[in-house]
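Before anything else, here is the set of structures, which you'll find just below.
Both complexes below contain chain A, partnered by chain B and then by chain C.
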Partner chain A sequence: MSSHDLKPLPAETRSSLLSGHDWIALVFVAMTFLIPVFSTNPQVLSQTNLILIAATAALGVYIMQRLDLMSFAVPSFMAIGGYTVALISMKLHVTDVLILAAAAFLMPALCAIPLGSLILRLKGVYFVLVTFVLTEIVQLLLFEAGPITGGANGLVGMPAVKLFGFELWDNPHVLLTTCGLAVLSFAITSLFTRTFRHEFAAIETNDVLAESLGLAAWKYKAMAFSIAAGVSGLAGFALVNMLMTAHPSSFAPMSSVNYITYTIVGGKASILGTLIGALLLVSATDYFALSGEMSPGLFGLLIIIVTLVARGGVVGVVSGLLYRLVGKTTPLNTGETGHAAQEHANQKEGRP
Partner chain B sequence: MLRIDDLHVTYGGTRAVAGVTLTVDQGQTVLLIGANGAGKSSLINAVIGLAKISQGKIMFDGHDIGSMSSDARARLGIGYSPEGRRVFASMTVKDNVLAGAVTLNGREQVRSWDKLVASFPFLAERQAQAAGELSGGQQQLVAIARAMSGRPKLLLLDEPFLGLAPVWIQQISIAVRQMQQDGITVLMTEQMARPALKLAHSGHIMRGGLIRRSGAVHEIKGAALAEEYL
Partner chain C sequence: MTRQALSTSALHADRIAKSFGGLKVFNDVSFTVPAGGLLGVIGPNGAGKTTMINIFTGRLSLTSGQVMLGETRIDGRSTFENALMGLVRSFQQTAIFNGHSVETNLISALRFSKRDRSVLERLAPLLDQFGLIENWHRNADVMPYGLQKMLGLAMALATQPKMLLLDEPAAGLEKSERVNIDAYVKFAQEEFGCGVLLVEHDMEIIKRLCPSVIVLDGGRLIAEGPPTEVLSRPHVINAYLGGSDEEDSDVTH
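Up next is the complex of A and B:
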């Protein structure tokens, strides 16, 4: 083959700022700004609030999944973000939503750096265990550090937040605040995971091999842990803003199971999966009026079923069906990454 | 360029490399031959930092790299193509190849890619395809191209011919010759002595974690092909 026959080279194949799934998720989340325009039903507003908070919190799990790490630490960083906002607004009387959002992102992100340096050396089940223990420790601290956190009573009576001096106090305004925080979180997550997608894919598939090629895996893991913490902090802000209270029970360790379930059931390979998972499962929980005690157990069962039957989750299954319909079956197109794609390729070639 | 002194590698209680000393000079292609369990891959892994050394010293380009992290060694100029054609299955061929060029800037990466494509046109033909979907030989070539893309000073090739059809052995031999022309120093391991000996300047025959014979290719050829070592 002569050089004239070569296909387009790097300049022609440069990729876009965000992937298709990233754009769909962002547009979908942004569209929730319109809900208060069309409905004033408190049930609709409350349900949308819960879905957006759940999806935002689950982004913390999604980011760490890019590196094949299963994090139970989301409630810890939500608590740090939520309590930071409550303390700043109640003690310092700062209610500007932009300042509070910056604080809710930065405080957990900064806390995650020293924590990450300790726990990111771990992999697999050890990482899972330590992140879960971290959530228990944070819960204990919230109860024990009464003078700061209000102990078992929490911090009650947060003032309404303001945007350019305009008070966002009623239900529609609270939803608009949550929408803004959710859009910000989805934008940060999309840009971050898109920018480093090659590095993350390499580390997810084989971090040892990635390191042998010169990729400092610890650096990317630390960045991801910090950004995941920041995004979780924004979810914590949205939650305390909705409840007007920062209370330890809002950040219960077992709630981490919910966030993991949203990510896995929706499809952990795509940010759209996180949103779809939260949408389906928060709605289902409400629809079936499940009691709080039962939902972690049922969600655990759901994780097992999805892991066994459809590892790509809802988005993976639907994408796979759509691409099969148009005759494309490559792992790149079905959104599979890392291990999933390797299994796909092995099956195709009959390798073990 | 690479000097290994009295290298020991142990896994638990098992000694994989038991006191190996060797030197690889600039621009040379040195071959390690031996059967399974001879300690070849452990030695390569110790050089790139995937296996911890229990005793001995590894000097590369004047640096003592024995205690360095794997990524730091790669950034010093050591390229590595692992045994068993390990590619990043979900990434495209092009992204796989450029994953080895993280130390280069954007323009250098483009130049490196262009050069590899000129030598191996199939990389351009399959650039947008997931690497996990390629055949075994193609995957091996992608892994070698990935190791070459960062313009390493020293390239470690671990069993590059393992399980490949003759046509791909030929392609990979072309790749190794290309590296030699570019002045890249190569340390490779191989069980298939016959094609590997055609590429190397010198070699070492390993067995039981030790070097049993060393010398120029014509000196060790007979022993390397002898059944007891294969």
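Up next is the complex of A and C:
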């Protein structure tokens, strides 16, 4: 090997920490702060509230999807976050929103560590099954642990939360609280998933290879499970704050299907997909006046359709169309750009 | 690598045995790969060669015996701990991160093994020879099989291991691509000071590269020595090759 005819190593491709999709999602969520300024229509406020809570909860699914794990555990951790907040504000009379948010994040995140050490050994359908059973167990505990959780009555009559002593009590204020929690959750999720994007991508595609190169895969799985639980807890906080009640029915095991649907239908490859999925499907549920019993069935059908015809979900399809129109690819969540990303996108959609 | 570091990285298997239930994969096998040295491992399919690599890396546990890397006992430890200590393997099939560019694959190998980009600069001549630099930004899983295989090997070397366990690196490569394996092994030894355990079916490669081989058959170590001499022993021919005139047909597998 003579040195003079060697090809030099190409310059390092630098990819920014947050991708375009992360920024769009963050700005979009942050813009909901403006809604109470322009509208006092209770219908608009409540609908925005529901969409933001749904999107925040679905982030728990999105994070676990980085590891190719399908988590049904979101309602369990929402319940832990929601009931923690209800108990602290009603029993300990702490109503500061910052303290409550910290508790709603930390309590489920801590609970997830021992749980994760048990169930993160599982993969594929076994992980799905155990996380689903977990939501059933938590549901049962909420009903049975009456002295703490209020049993079938739940915890009713939560006081309004306060920010720096200012009471956030009416509808616009409740929406602002939800907006704040949603922005926080989207920021945590973006920063977390993008900081460790190489690690997550490697575990998702080939965990045996990743470990053989020196990656402690269990550490990243445990972190992801814990952060996903914390973010779900923030969604639980937003939900009980909106309802002023922590009740088992808010955390029904079947609601996990909804959160999974938002992420898959919106497009699981980017955080924007989770937001778009929640926006479209929560609006559709309202528009078509779908009753609670019908939606899991219809959502199941939607998942099948998306999985069969458009793996990338709404965001994947729109990115693909944009690419064909503009001849330029939007950044994938993997942080790849240009040729490799497009080859990959083509392959995923079955194009040559 | 300093002489002191080299002396702590010999791989020593001491009377190792592995069985799955009643099935004995191998029994009472002992050998040493010297630090910076090269040992070939041959044997028919099912002789326990890949199982042995899985045990050394920590994916499987031993039934009895022990494995040492330098002064450290490594059997039963987790794969990533052993990898971070410098014991890194390659895979028989292609093993890459699908959907990512050649660059991202190599950068991931650096990140996971806590190495910096300077290792890539040192690897550049080899990467260029394999044709990986001209495919730098290509999605790795749409590259030809041979390139994917060489990328997997380059990723293992990018971790700057002390001891490389190569599981049939030439399997699936065309004859013209197999010289890359020679270049790779020589580069690993000369530039990085790696010890190499080379499991291979291609007897030409074994003869070209290995000063010494061990032969596994039916879970036992049946011969040890320089390849040309070992391969001419009648019991090795009987056990493994089934007759010396079939050697060439084995080469093409």
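Criterion: the second predicted complex is superposed on the first by the 314 of 352 C-alpha atoms of A that agree within 3 Å, B and C clash if a C-alpha of one lies under 4 Å from a C-alpha of the other, contacts with A are read in each partner's own complex, and residues count from 1 in each chain.
As a convention for this text, a contact is a pair of C-beta atoms (placed from the backbone, for glycine too) under 8 Å apart; a residue touches a chain by one contact, two chains touch by 3 or more.
Predicted model only: the values in this text are computed from it and were never measured.
Applying the stated contact rule after C-alpha superposition, one finds that A:211 touches each of chain B and chain C. Of the two partner chains placed around the shared chain by superposition, chain B and chain C are both touched by A:198. Comparing the two interfaces of chain A, the one with chain B and the one with chain C have residues 1, 3, 6-7, 9-10, 13, 198-199, 201-202, 205-206, 208-217, 336, 338, 340-341, 344, 348 in common.
Across the complex, chain C meets chain A through its residues 57, 59, 78-80, 83-84, 88-89, 91, 95-101, 103-104, 107-109, 111-114, 117, 120-121, 124-125, 127-129, 133-134, 136-142, 152, 155-156, 159.
On the side of chain A, the complex with chain B involves touching residues 1, 3, 5-7, 9-11, 13, 198-199, 201-202, 205-206, 208-217, 330-332, 336-338, 340-342, 344-346, 348-349. Here chain B touches chain A in the complex through residues 48-50, 69-71, 73-75, 80, 82, 86, 88-92, 94-95, 98-100, 102-103, 109-110, 113-114, 117-118, 121, 124-125, 127-130, 132-133, 135, 146-147, 150, going by the rule given at the top.
Residue ranges of chain A in contact with chain C, taken from their complex: 1, 3, 6-10, 12-13, 198-199, 201-202, 205-206, 208-217, 334-336, 338-341, 343-344, 347-348.
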